[in-house]
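What follows is a pair of complexes built around chain A, which joins chain B in one and chain C in the other.
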Partner chain A sequence: MTVNRREFITGLGSLTLLGSPIFNARAAKLKKKNLVVVMLRGGMDGLTAIQPTDRRMEEVRPDILVTGTKKLTSDFNVHPRLESFLSCWKEGKAAVVHATSIPYTMRSHFDGQNLMESGGHTPYADKTGWLGRGIEASELGSLAVSLPMPLVLRGNLNPDNYYPTWMDMPQSAEMRLINSSYSEGSPLAHTMQRVINRPVSMMQRFDDNDAHLLARVASQELSREDGPRVAVFDIGGFDTHAAQGGEDGEHGERLADYDKVLTALKEGLGDAFDDTLVLTLTEFGRKVEQNGGYGTEHGYGTAILMAGGLLKEAQIYADWPGLKTKHLYERQDLNATIDARSVYCSAMSYCFDVDFKTMKTKAFFGDDLEDLSGRLFKA
Partner chain B sequence: MILRTFQDACSKRKPIHQPIHQLVLIILMVLALLLPAHLAHANDAFSYRSEQFKANKQAMRDIAQALSYDDFEAISDAASRIEDWGREMAQYFPKGSNPPPSQALDAIWEQPDAFAAAIDRHLKAVERLQTLALDEDSAGLPQAMRDLAASCQACHQSFRY
Partner chain C sequence: MGYGLREGEDIPDDPIKWAEQQIEKPAPLTWPGHIPTEKELLDHRAVFVYQDRKVIRKKYKNDRKAYKKAKDQLRYETGERYFKALETVIRQHAAVHGDAPVFERIWHFWCNHFAIAEKDMLDRWNTGVYQREIIRPNMCGNFTDLVKKVTTSWTMIHHLDNSQSVSPNSKWGKYDRKKGKTPSVNENHARELLELHTVSPAAGYTQKDVIALSYIMAGWENPHTDKREECNPVKFNANKHEPGSHKVLGQKFKQRGLSAKSKLIDCIEFLCDHPETPKFICRKLVRHFVCDEPTDAMVQPLVDAWHETKGDLPSVYKALIKVVYDNTGAEKKFLNPETWLLQCVRIGGLNWPPSPEDMEYDFKSKPRQKTREPGFIMRELGHDLIAPSQPNGWPETEAEWMSPELLIRRLAFAKKFANDNEIGLFADYFAIARRNFDAGEDVQKYLKKAKDIDFYSNPKRVGQALFSSEWMLKV
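Moving on, here comes the complex of A and B:
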C-alpha cells in the first residue's frame, strides 16, 4: 500500500511532526477524534500516580509514601506533580483505570515492553503492534514520524514513516540528481520519489527533543480538521529501583514529564481537546512494598491515566482488589483485575469508528476483551 | 598551673611502646594514601559500568526492534555489543563499589561463584542469539531473546535491589 497522507504521528526522543496530510474518503466522512498514546517505559507505579487512601500504604512504603497528594475521590488521591491531570479531572476531562495491566506477569522490561506494543501473548513473536493493526482495521492511512517505526504502530501493510533531522535537507535539484542514478521502477527510485513528493514542511530541520515541546507541535497538527488523528509519545525512566522518592523523587519527576506533555497537548489543541483521548501505556506496575534502596521492584497491576474531552466523566474505573497481602498477585503486587487491552481496544473502536468485535479481531487476535466504551467514553 | 597539672598527669602515664606506636602510625598513613585511590577506583568502576548497562539496555531495545523487521545484521551487531560488555563486566565490580546510588547488592562479593555463574549464563544466552542471527533463524530468535532477557532479569533479582 502506498500511503501519501498522515493520519498518525508519533513523538519519540528528538522528533517532531510536520507536513500536510491528504485525507482518504473514509477519513473525510468521519468526525475527527484524536487518539494519543503516551508510552511510559520502565514500569509506571500506579500506586504512586494514583494513590489509594489505604493505611496499608503507610506500612509498606514508610519512606516513599507520597505526601501532598490531592483528593480525587474518597478512595484515591493523585500525585501532586500531576497538576494538569488534576485540572482536567476538575473539568470532567480526566479519568483513571486502576488495578489494570496487560496480561504479562514475568516482570522483564524487554519482554513486557514488547508485549505492551505488540498486544500479543508471547514476547517477540509478533512483528506488528496493536495500534498499527487498529489503524489498518479502520482503513485510515498512516505515516509515522519516527525511525525506526515503533512496534506499536506497525501494521501488516507497512505505512510510510520519516524522521526529522538536525541536518539541512538537500535541495530539490540534488534530490532529483540522486534519483536519476537509480533505475526506473526500482525500490530505491520509488522511495526517493516519495521523499521528493513530500511537503516542504517535512523537509525542514528540527532540533528540539523535549517531549513537551514536541507535544506542542503535535497538538497544532492534531487540532487541524484535516490533520493527523493518532499520536504516540514515549517517556522513559519509570524503572525506579532506587530513590523513587515521594513527592519530588525520580518517579514524581517522570510523572511531571507526562504532565508537561498533557499540558502542552491541552493548550495546543484548544477546542480540539474535547475531541481527543490521551491514554498512557506501560509494561507493568511496581511491587506494593518498598525495597531497601527506597525504590520499588517490578510488579504487575498499575493504572492507565486518561485525559481528554471524549471521556464520559471524571472517574476511577476499577474492580479494586485491595492491598492486603492475601489479595496481592503472588502476595507482592497489586493485582490486575482489568485487562488493559480492553481499554485500548475500546479506545480504538471508539476513536476510529470501528465496531468493537471487528477491532478486537483485527488488533487483538480475537482475544476475550470487554467493550468498555460505554463506561469510559462519551456516548 | 594548668600546664603543670597536665605534665604531672603525663609523667604518671605508662611509657608508650615506641615501635608499636610507629607501626600503627605507618599503617594509618598507608591506609590514608590507599583509601582515596580505592574509592576513586570504585567510583570509576561504578560510573563505567553504569554507562555500559545503559548501552546494554539500548542494545536490548535494538534487538527487540530488529526482531520485528528480521534485521539479522542489526541483531548480531547489538548482540556483539552485549557480549563484549558481558565479558568484561566482572572486573568492573571491585569489592565495595556499591555505595549509593549504586544498586549492587553485597551478594556480588559474598557469592562470587553464583555471580560468575549468572554472567556465564548471560554470555551463553547472548552467544546463542548471535548464532541464530547469523543463521538468519527467525523462528528460533524470539525464544533466544526471551532467554537473554531472562538472564538479565535473573542477575537483577539476585544481585541488585
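Moving on, here comes the complex of A and C:
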C-alpha cells in the first residue's frame, strides 16, 4: 500500500483536495463537476497498464510480460490488477489516452516531475502549477487541502487546505478560547474562523494507514454540493528498474494502489461519481525493451487512465505510433503522439466551464494544445 | 531575533550588544552526540546507490520480496532512515540549548535562501551536513565567499544537475557530436544562481545570460565512478567546459591563468557586486525578521552596511539587528512553524529535541519510532528545513503560511507539547508569560481565562493556550 498516512509523512504518498467555497458567486451558478488528478510518480509504464496485443511485446519483454490481462478492445488489454478500472470500463465510465506524454524527453525523474506539475518546458523555471493556474483562471475560488501545497496546485491565490493528521485536534471550546487571543479582523482570526467552521469530518484525528480512508475522506468532501471540486492524489513507486514483474510484479502492485483509490472514490462519491473525472499524471513512460534486472528503464510515451461518469465512452483514444524499432522514440521508447497537456487542459476547460482558449492561455502559456473535450468527455 | 527567554535567563541589559556578540563568528554546535562529517555521509550514500543500482537489482531480479528485503537492509546499514532525523535534532539542539539564538535564526535563514529541494534522496544524507559544513562556517564572512562555497558544493551541484552539463564545444561535447549525440548544458544551476541566490530577476537577465552562465559553470561536477557512482568530491572537469569567453549581464568573462575555473569565480564576484544583489538579499533578511512588506527605510541601513564593507555579513547583520530593535513592537512577524516550535520549546522549557540516547542507532534494523520522530514532526508541521519541495525554499510571508490546515497543525502540536511535558503548575506558565511578553497584562488575563474555564482546569491546558496564542505566533 503506497498511499497512506505513514508514508505521506515519509514523502511517498499524499492526498490533496481542492474546491470552492459556497460563497463564491460563480461557483453557485455552475453545475458542480469534480476533477481528481492522481499523480503516479516514478514513471508509470503505459505498456504494462494497458498492454497492446501486438506480438512484438513478447519479443521485447519475454520475462516481464503481463499475463492474465483482460480484453478492452481488439488491440489492447488491461492489467489484471486494474479491477475497478475494468468494471468502470464496462459501464462506459473508464477510458484511456495512449501513446501520450508531457513534452519532456530527457528521462530525469526530478525534472520530469517538476514539468508534469508545472506544465511548462524548462524544469524549475515555473514556480506555479497548471492546476493551480487553471483554478485561478476559472475564478471559482478554491479550497486547497494539502500539506504542503504541491507544485501542481500553486498559482491560485488564498487557498484553503486540508490533510488528515494523527495529531489530537483541539476541541471547539479550546479553539474559541484561543481565538480570543487573536486580534479581531486579523488574517489569523479569519483563518481560525475557517477552522472553527469546518465540518466535523475534517476535524477528526486519523490513525489508520489505509488508502481507502484517504480516498473516502476525499470523496465525502467532493460529493458535497458546497464541497471541494478538485482532489489530487500522489502515489509513488512506479520506478521499477528491477523485478518489475508481470501479473504480480512491483508495477502491478502500484497499479493496484491506484485502483484502490479509484474503488474508494467510486464508492464514496456514489451518484457524484457521474459528475467526476479522475485522471492520472506521470512524468514519463518506460522503455519498451526490458533490462537486465527484469525491469525497465526511463522512457517517454505512456498512457493516461481516465475514469468517471463525465467520460463520453469507454475507448482507447490514441494515434498509435507502433512498436517496431523504427517507430520508437530514439529507437527505444514508445512515442508520444498526443501532448498529455491537451488532455489536462481540456479536462480543466470542461470541468471548470472555462473556454479552451482561455484555459490554454492562462494555464499552459498559450502553447499549441488541442481541445479534446468533444472526443473524450460527455457533451 | 531569538527564541525567547529560558527559565533563569534574564532580559539582557543591552539587547543590541547581546545580539551583536552572537554574530561575529560561527557558534559551535551543541549536540553532545556524534556529529557526522560530509565525507562520512557521502560514504553512506555511495554504498546505498552503488548497491541499489548495481548489485541488488540484478541479484534479485526474479524475486520481488527478496529484493525488497535486501533493499530495506541496505537502508538500515546506510542510515537512510536515520540521518535526516539526526540532522533535525542537531540543528534544533543548538537553537534550544545554545547561547547564540540570533546566529541560529540567521543560519536557518541562509539554509532556506540556499535551499536544497527534496530530490534524489539529498535529504537523507546530504542536505543537513551541507547546511552545517558549507553554510554555517561561512556565514560570518563575506557574502561572495559564501556564494562561492555554496555554488561549488557537492550538494548544490547535485541538486541543480550541474554535473550533467557537457558544453557543445568542449572536448567531450565534440566527441559526443562525432557519435551522433547532441551535447547540451543543463541550465538549472545557472538559472537559480541568478534568480534565487544572487541578483534576482530584478537584474533583468535574459535566457542568453542563463546559457552563458551555464557555459561558464560547465565542468564543475561530482565525478562519477563505477563503485561510488556520483558520490565523489567536487572537481572541475575542463573537458566538459566551454572554451572562450562569455558575456553575462553585459560583462565578459574569460580565462585568467592556467585554469578555466577562474571564469566562475570571477562571475560570482561580479554577481555578488551587482547592485541588485544587496537590495534583494537585504530586503529578504528584513522580510524574514521584521515584516512581510519592509519599507525602503528599513532595508537601506543593511544595503549601506553592505556597500561600506563590500558585503561583510556580520556588518549587515548588525544593521539588521538595529532595524529589528527599532521596529520591535511596531511591526509583528508571523513566525514560520520551526521558529515558533523552537520558541515554544525554549521559553516553555519543553523536553525537546530528543537526547543522544534517544537518537542511538545500531544500523542493523529499522530506527525506533522515537528516533525518527523529529523528522516526522517537522513534516507534520508543514516545514521541514532539510526538504522543501522546490529550490526556492519555504515561504517568507504570512499569506503563504496562513492556511487553516497549517494553523490546525500548530494548535495540535501546542496541545501535544503541553501534554507531553511536566510543567504542571499554573504558576510556571504565568511566570513564563511575565518573563517573555511586554504585553504581560493581556497575556495574564488570557491565561487566567484559560485556567477558569472548567475543562481547562488541567494546568497543561494553560500551556496549550499559551503556545497557541497570538503572542507566540506573531512576534
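Rule of thumb we're sticking to: the second predicted complex is superposed on the first by the 311 of 379 C-alpha atoms of A that agree within 3 Å, B and C clash if a C-alpha of one lies under 4 Å from a C-alpha of the other, contacts with A are read in each partner's own complex, and residues count from 1 in each chain.
Here is the rule we go by: contacts are C-beta pairs under 8 Å (C-beta built on N, C-alpha and C of every residue); 3 or more make two chains touch, one makes a residue touch a chain.
Only a predicted model underlies this, so the values are computations on that prediction, with no experimental measurement involved.
After overlaying the two complexes on the shared chain, residue contacts for A:241 are found with chain B and with chain C alike. In the overlay built on the shared chain, the residue A:119 is in contact with neither chain B nor chain C. Look at A:182: by the touch rule set out above, it reaches chain C but stays clear of chain B. Contact with chain C, but none with chain B, is seen for A:174 once the two complexes are overlaid on the shared chain. In the superposed model, A:107 lies in contact with chain B only, and not with chain C. In the superposition on chain A, A:292 makes contact with both chain B and chain C. Of the two partner chains placed by the overlay, neither chain B nor chain C lies in contact with A:309. According to the touch criterion, the shared surface of chain A, contacted by chain B in one complex and chain C in the other, consists of residues 108-111, 122-125, 127, 148, 151, 241-243, 292-293, 295.
Residues of chain C touching chain A in their complex: 53, 56-58, 60-64, 67, 118-120, 161, 187-188, 191-192, 334, 376, 379-380, 382-383, 387, 389-392, 398-399, 402-409, 411-416, 419, 446, 449-450, 453, 455-456, 461, 464-465, 468-471, 473-474. Against chain C, in their complex, chain A makes its touches with residues 9-11, 108-111, 122-125, 127, 144-148, 150-151, 158-163, 165-171, 173-175, 177-178, 180-183, 186-188, 191-192, 194-195, 198, 241-243, 245, 248-250, 292-295.
Taken in their complex, chain B has these residues touching chain A: 60-61, 64-65, 67-70, 100-101, 103, 141-142, 145-146, 149-150, 152-153, 160-161. Here chain A touches chain B in the complex through residues 106-111, 113-114, 122-128, 148, 151, 154, 241-243, 291-293, 295, 297, going by the rule given at the top.
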